[in-house]
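Here subunit A shows up in two complexes: once beside subunit B, once beside subunit C.
After this line comes the complex of A and B, so read on.
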C-alpha cells in the first residue's frame, strides 16, 4: 500500500516518458510505447542533458569525497583527541546546519562572483561540502565513538603512531559508517537544486535537477516527455545505488556491528 | 626485564573534578616474575597498567625498565608505547574486527616493518603454541570467547615483548575455561620467561597465578608478598578481609593482662589466650586492635559448655559441598565458621572455639 503510493508518481513518469504522443494527457486511447524521448534526451546536443549529467556526477562525487574525508578527520579529532570544547564544536556545527539554505544564497552569490567562480565546478563543490558536512560529521562521530577505546590502546601498544591508529584500525573498522556518509552526501549533492540554480549559468557547470527544470525555458512549451525521460535517467542511478547499498547505509546509520 | 615503579601518582581532571587514581605507589617487579596486581574495582589497577604501557603519562613519580627510564613526571619524560616494547592483553580482547586471525597476530610485526616470510614464521610459531593453527582465516566475530582470548595472547606474544601486561584477561570467560586458561597462561609464562604483570580483582586468580601479589586499595599499595604471605600474614584488616574466601571475621578487640596471663575482650566476653600470643599483642602497642579469624579456624561444637565459654546461635547454614559455612549470631555480633559436620540446624545453640594459633592481630587502618 505504502509502496504503491510512493511508486505511483514514478510509474506515471515512466509512462509519460515512454509515450509517443504529445497529447499524452488524454490517455483514454491506446498508449503508444516508444523510446523516442529517451533517444532525444540522450542524443540531442541542444538539450545538453549529457553535460548536465556529467556535471552532476563530477560535482556530487568530488564534494562527497572531500566532505567525507574532512568529516572523518574531524570525527577522529572529536572522539579521540583531548581537545578543549569539542562538544561546543559539535553543537556549533549542528546549529550551522539549521540555517535555511535560502538565507545564504545572497551572500554566496556575491562571494562566488567576487571569486569569479560562478558557473564553475569549484563554485558548487565548496558550498556542497559545507552543506553536507554537518550530517556526515554527526554520522561519523557517532560511528567512531562506538568503536571501543581499547582498540586504539591495543593498536598503540602494538606499535602504531596516532596516524597509523586512524589509518590502519579506525578507518577500516568504521568503513560502513564512512560508506553511508559518502553515499548520503553524494545523494544530497546530486539532488541539490537551489545553490545549483543560483551559481550556474549554462551547461558548463549546470547540474541535472536545474537542467531538467529549465528544459521548458529552452523551447517555450513544456516538453513533458523529455522532462520525464531525463528525470528517469537521472534518478535511475540514485535509485540503483540506494537499492544496492541499502543494507550498508542502514548498517552505517545504526552503527553497531563493530564489536570485536 | 625488571620493572621499577617509584612513588608513582596519577590524577585525572574530569567533569566531576580531580580524581586521584594512584597516590604515591612504589613497586619492584623482578625479572621473569609473574606479578599480580590485585584490588577491588576502581582502585587504580588499570591506570597503573596503562602507565606502565605508556598509554598515559604519570602526574608524579617514575617508571624504570631495568636501568632505562620510561617515564619521569618531574623531568617531563614519557616514552610512547612503541618505544617500550610492551605487549598488552585487554579484558575485551580488543581484536581488530576487520582483520583475520592471521592478520591480527601479524599486525604488530607488520607495523614494525618486518619481512613477509619472517612474519609468517613468527605467526606460525605463536599459533602453534596457542593451538590456533586451524583458525587463521577466521574473523574475530566467528570465534568463541576462549578462542578470541588465545588470539589476543598470541598477538601479544608474537613480538617477544620485554614486558607482558594483562588487564583482567579472563574475566569474560566462564568458570571452567577460566580455570584451564589460568594453568595454561602460567605454564606459558614459565616457558617463555617474560616478565608479566597481571591485573585482576579475583583473589583466587591472584593466588593461583602470582609469584608475588600486590594488593592495591584506593590508589595505594596495601601489601606485597607471595600468596602464602598475604594469606597467612596479612599486614592489615583490608588485606585480611580481601584475601581468603569466605572472608575473615573481624572483631573489635582489646587486650589486657590479668594474673600474668593475656586476655582479649571481644563481643563483650573476656577470653584467655595462650601465653606466647602475649608477645605479639604487646608489639601492637595500644590496647585496642582488630582480631582477625578465618572461618576455617573457628570450630563449632554441639556441646553446650565450651571450655572458653563462647556460645552462639546458628542463623543459617550454607552448604558449599564438602563443607558448610555457618552464619552465627551472638547478641548483635555476627560471625562465620566453616565446619565439615553438615547437620547444624537453624536456631541451634552451639559453642564455638577459636584456633588461636591462626589468629591475626591487626592494627586498625589509619584510613
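After this line comes the complex of A and C, so read on.
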C-alpha cells in the first residue's frame, strides 16, 4: 500500500504517456497503446524537449562536480587544518542552506542581467554551486570527521604535504561520502525550479523542470500525452539513480542530521 | 598550517558570499527603496513594509502560508512516521521498498506537480474518474474553490515530501537499541505500550529535526503552487514566495525584496533554532 502510494502518480504518468488519448479515463474503453508521444517529444524540434534535457544535464552535472570539489576542500580545512572561527563558518553555511530562494532571486536576476548571463549556463551554474554547497559541506564534514586522524598523522610524519594528505589518504577512504554528496547535489540542481524560472528565457538554457512546467500546446489544448512522455523521459534517469544508489542517498540525507 | 586552512576553504566562502550572502544583503538594501523598472528609484525606508502590512493580498498570502504549514507539516510527519515504522520492520524487498519511497522525493517537484494537475483535471483526471466511479457524485473541480485547491495542494505536497520525513525518522528508529525492545517484551509490555513508552520518546530528536526542516521548506513553498494553481483561485493559494515572485516579475524590486526579506527573517529564525538544536558546530569543529 505504501509502495502504491508512492508510485501511483508515476505509473499514471507512464500510462498517459503510452496512451494515444489522454482522456481515456473519461471515454469508455478507447485505450490504444502507442509510442507516438515519445516519438513526438524526442523528434519534434519545436518542442525543444531535448534542448531542455541537454541544458539540465550540463548544468546539473557540472554544478554537482564543481560543488563537490569545493565542499571537499572546505571540509578538509574544517576537519583537519588549523582554521580560526571554524564553528562560525559551519554555523553560517548551515544557516545559509535554509534561506528561502526567493530572497536571493531578485538580486541574482539583476546581477545576471548586468553580467549578460541571463539564459546562459554560467548564469545557472554559479548560483547552483553556491546553493548546493552547504549540504555537501555538512555531509563531507561529518564524513571526514569519522575518519581516524591517526591516518593522516602517519602520512604527515612520512613527509606528505597537507594537499597530499587530502588527495592520497582522505579521498580514497571517503569515496562513498563524496559520491553521496555528488548525487545529492546533482538531484538538487536537476530539480531546482525558481532560479531556472527567473534566470532563463528560452530553450538556450532553460532546464527540464521549467520546460515541462511551461509546456503548452500550440493550439490551446493541453498536450497531456506529450507532457507525460517528456516527464517519463526526464525522470527515468532519476528513478534509475534512486534504484541503484538508494543506500548512498539515504546515508547522505541522514549523514549527521540525527546525530545531534 | 594556519594559512593553509583558509586557502582550502576560500573557494567555498567565495561562492557562498557572492551568491547567497551578497544577494541577501542586496535584498535588504533594495527593500528600503521604491524600485520599479520604469520609475525613478526613491528611498522609502520602511515604506515597503508598511505597504505590505496594509495590503489585503499580503495578509491573504501570509495566512495561506501559515495554514499550509500548519496542515501539511503534521500530515507529513504522521505519514512519514507510519512509513518509517513499516520500513523498520524486517520485510522482504526492503531495499526495493525504500527505493519506491525515495522516488517522490527525487523527481523534480515541477514535474510531479504537472502529474497532479492532470490527476485533478476536470474532464478526464484520475481523481474524478475515481470519484464518479465510486459513486460519490458528479465530477468535481478539484482546484476550483479555495478550500478544494488548498486540499489538493496539501495532498500533492504531502506526497512529495513524506519520503524525506520517512528517511529522517527511519535513521532515528535504527538508532534505538534493539535490546530495549526485547527487554520490554520480557516485561510483558504490549506493542502499543512499547510504541508510546519507548519508540516515540526516543524518536523525539529525529522528529524535531524533520519538523524544523519541513517547516522551513514549507515556508518557502513555490514550485508546486506555481504549477498547480498559480496562486488561484482568486489569489487564495498564493504563498509568500509566489507573492514576492509576482512583484519581481512585474519589475517591482523594492516591494518584492521587502516581502522576501520578511520571509528570510522568519526562515532564519527557524534555521537558528535548528542549528542550535543539532549542535553541529560544537560537535564537528
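By definition in this document, the second predicted complex is superposed on the first by the 239 of 260 C-alpha atoms of A that agree within 3 Å, B and C clash if a C-alpha of one lies under 4 Å from a C-alpha of the other, contacts with A are read in each partner's own complex, and residues count from 1 in each chain.
Please note the rule applied: a contact is a pair of C-beta atoms (placed from the backbone, for glycine too) under 8 Å apart; a residue touches a chain by one contact, two chains touch by 3 or more.
It should be emphasised that the depicted structure is a prediction, and the values quoted were computed from it without experimental measurement.
By the document's definition of touching, of the two partners only subunit C reaches A:9; subunit B does not. In the superposition on chain A, A:153 contacts subunit B only, with no contact to subunit C. Legend: residue contacts after superposition of the two complexes on their common chain; A:234 is shown touching subunit C, with no touch to subunit B.
Legend: residue contacts after superposition of the two complexes on their common chain; A:116 is shown touching neither subunit B nor subunit C. Shared-chain residue A:175: touches subunit B; no touch with subunit C.
Considering which of subunit B and subunit C touches more of subunit A, the answer is C.
Common to the subunit B and subunit C interfaces on subunit A are residues 258-260.
Subunit A contributes residues 148, 150-151, 153-161, 164, 168-169, 172-173, 175, 258-260 to its touches with subunit B in the complex. Those residues of subunit C lying in contact with subunit A across their complex are 1-2, 4-9, 11-13, 15-16, 18-24, 26-27, 30, 82-83, 86, 95, 97-104, 106-116, 118-119, 121, 123-126, 128-129, 159, 163-164, 167-168, 170-172, 175, 205-206, 209, 216, 219-220, 222-223, 226-227, 240-241, 244-245, 248, 253, 256-257, 259-261, 263-264, 267-268, 270-272, 274-275, 277-285.
On subunit B, the positions that touch subunit A within their shared complex are 50, 53-55, 80-82, 86-88, 90-98, 107-108, 111-112, 140-141, 148, 155, 159, 165.
On the subunit A side of its complex with subunit C, the touching residues are 2-3, 5-7, 9-10, 12-13, 16, 22-27, 70-71, 73-74, 76-79, 81-84, 86-111, 126-127, 129-131, 133-134, 137-138, 141-142, 145, 162, 166, 187, 190-191, 193-194, 197-198, 208-210, 212-213, 215, 224, 227-228, 231, 234-235, 238-239, 241-243, 246, 249-250, 253-254, 256-260.
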